[in-house]
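Report on one structure; see the data block that follows.
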């Protein structure tokens, strides 16, 4: 149970850090899974519109039981509500918004990220392919793409690589990576470590990262979960 | 006035073996429930189905799958369905995965008479294999072709006898593009109304795209029932 | 004034003949000018939906003075009404209907038509170019394209040619030509005379037509205007 | 909440010389009347204007033309305007004529991140000069590229403070595609309302496409007043 709790705490820490990427006035797409959690931490003073690629601009909170409408779901197929001033649209219009770079930010999960911004997050060869859903469109369609994920896999191996080994979701599409241990930016010079979590040293992060890391001159502490 | 079918059996009776059909919906939301059930009963085989998802094991397109009526599936996400996985691994089912936004645009293009277009999605990924890559303004794009179907089965909230349709909330999703891309489009509507009852400025699918309609009662199963605890 | 009256009578005769192309249940686009007149002669027992490319599916009659809405016009910029069950749409959707071949019939005017179905109806070199408007899209977008025009120009020269001299609107797009003197179909074998107006002989029509004419085995009389 | 301008002067003040602007409307229907008037007053020069038509001599874009603010016009029909003809013949104005459906689709593509698409319109005509022709399924098509603009000026019936817009009847025309294709989109609305007042299922332009709004009273001039005699 201790491990369980740690996992939840880590996910919350990552989600809270990701929330800081969101500025007031932003239109944001949150991927399925951990990225969806980010919505729970959006500061109430921020005016943010969440887009769901199945045709909703303005996702609201989860419904109370009496509010549940089976015709109203998010891209993760969970029942949701619509915020005040929301607009529905069809899937072509929804992806027109995405592809046309009208979104300010997309926060997505990742399996592997390469130092040049390549992202793999949709298939593992040999395993059943479930499909990419909207991910391949969304990585091209936002002014900024942030990937949130664990820094290493369950065997302790790096997920931030010189080159992705898994089939790509998009080539050179990632702007920033937020993990449980660090924040890194994809820059023209290479992958730059800009924040580091409490309890970790730069050397440890370097060791857990296959990609070459440039250390920012203004390296910051990552906010902890408390 | 468009054809109003007297039964779901009649609505799907022209759909023959080896047809290509588009079926509206995202997950189980906005699917034409009774048209799918009628297709299962018709036992039509060797279908190519274009739909974002393929239902779940016991509902929606999953029923067609279980009954082995589908030869090929074109969609973006098929992860909710164990029988799907079994048939693919057994080589019984061909699957063509297409990024969701590309799928939506391919269907929109098909209905709009656009044979092909360029899109950034999929460049540098397995999706690009065998596809033309072309650079516009310094960025690479894939050539993707439009999709059409012999039949489109869509689900709307309200429809009138001219074929005009209005959808409810996120049940709209792929339905409007599919309505336009089907040579024959059959609309299952929750409520059939008289022409003039729908607000002319608020029609999602103009009647020109629809060949026949039928009223159907929906179960509207929920895949991920997610609620907030009452305070 | 006699000439004036004749002209009007001829236009009416062409419009009434063009109306016969319209079957009940059809979606039809009528071009600007003489084709718009065809609407006046649609038999009341036919259920027809007229499309206007500026975003109206279901053009109604002209408004009474008290009904005039400046936001409601046809593609000729005339004030109109909407029929019961009409739908408005944007210009992209309107041309999606057209380009996607959802219309059953388009009736357009013409300056020149060639025997292979080429159409010229938008520009005369040396004269100010006003623009093609929607014509270049509409000729590709209907299951059947019917051109209505005078058989010869004001100098008595043929307008139905072996090859168009004017810049084209569309290549091989015309299915049928209706003039004041004849009805001709574009077929794989060539241009076929299928109807001839009262008062004209086949030889006269051949003389007034530069294109080679095949004479239909079932040549019909064109209905007169009365 | 989007910026609500306090004056039309303020609304257009960022539009500088050499900007490319899209202006909604078909004929004089659905044009942003007061935004155009403010542009005339601003005296900004060397504009490239993308609009289906170019107004008439004394109204709409014709006023910008008369004031020699337009260097280049992209549209489909410019026949209602004598000054237009004079400037073209005098070499003062460049004009790029585009088939109306192609123009609508180019603008829709620009807003939707589609760099280019194929269309049948214009094959074998002067429009095809210098353009790629490609065959799909035995039919020839032209390659056409998407269009975007520095600023889009649109006119809506109602708009809310989130930028959501609803258009009235045939005043919709090019406005929704242009709203999406402008880097900055300024909406002149007949009525500004609070978020939630517009029906979420019936919004034509979702607010994401709109950067600022202003309420304006419209003259709505009629080009071809056509009526039926009262019985």
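The first chain written gets the first letter, and so on, giving A, B, C and D; residue counts start at 1 in each chain.
Note that in this section a contact is a pair of C-beta atoms (placed from the backbone, for glycine too) under 8 Å apart; a residue touches a chain by one contact, two chains touch by 3 or more.
In UniProt terms, the chains line up like this: B, D = CoA transferase subunit A.
Here the structure is a predicted model, which is why all the values come from computation and not from measurement.
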Across the interfaces B-C and A-B, which one involves more C-beta pairs in contact?
A-B
Of all other chains, the one whose Cα centre sits farthest from chain D:
A
With centres defined as the mean C-alpha position, give me the chain B-chain C separation in Å.
36
Could you grab the centroid distance between chain A and chain B? Build each centroid from C-alpha atoms only and quote it in angstrom.
29
So, what's the distance in Å between the C-alpha centres of chain C and chain A?
56
Report the inter-centroid distance (CA atoms only) between chain B and chain D in whole Å.
33
Give me the residues of chain C that touch two or more other chains.
82, 88-89, 95-96, 98-99, 140-141
Interface hub residues of chain B, defined as touching at least two other chains:
105, 108, 112-114, 119-120, 167-169, 172, 200-201
Chain-chain contacts, ordered by label, are A-B, A-D, B-C, B-D, C-D
Chain A residues touching chain B - in the complex, by the definition given at the top:
52-56, 61-65, 68-73, 76-80, 82, 88-92, 94-95, 98-99, 118, 123, 128-138, 140-141, 167-172
Note: in the complex, chain D contacts chain C through residues 26-30, 52, 75-80, 85, 88-89, 95, 97, 99-105, 107-108, 119-127, 157, 167-177, 204, 220-228, 230
Note which residues of chain B are touching chain D in the complex, please.
105, 109, 112-120, 134, 136-137, 139, 141, 145, 166-169, 172, 199-202
Footprint of chain C on chain B - complex, ascending
1, 108, 110-114, 160-162, 164, 180, 195-196, 198, 200-201, 203, 206-209
For chain C, which residues count as touching chain B in their complex?
27, 47, 49, 51, 57-58, 82, 84-89, 93, 95-103, 140-141
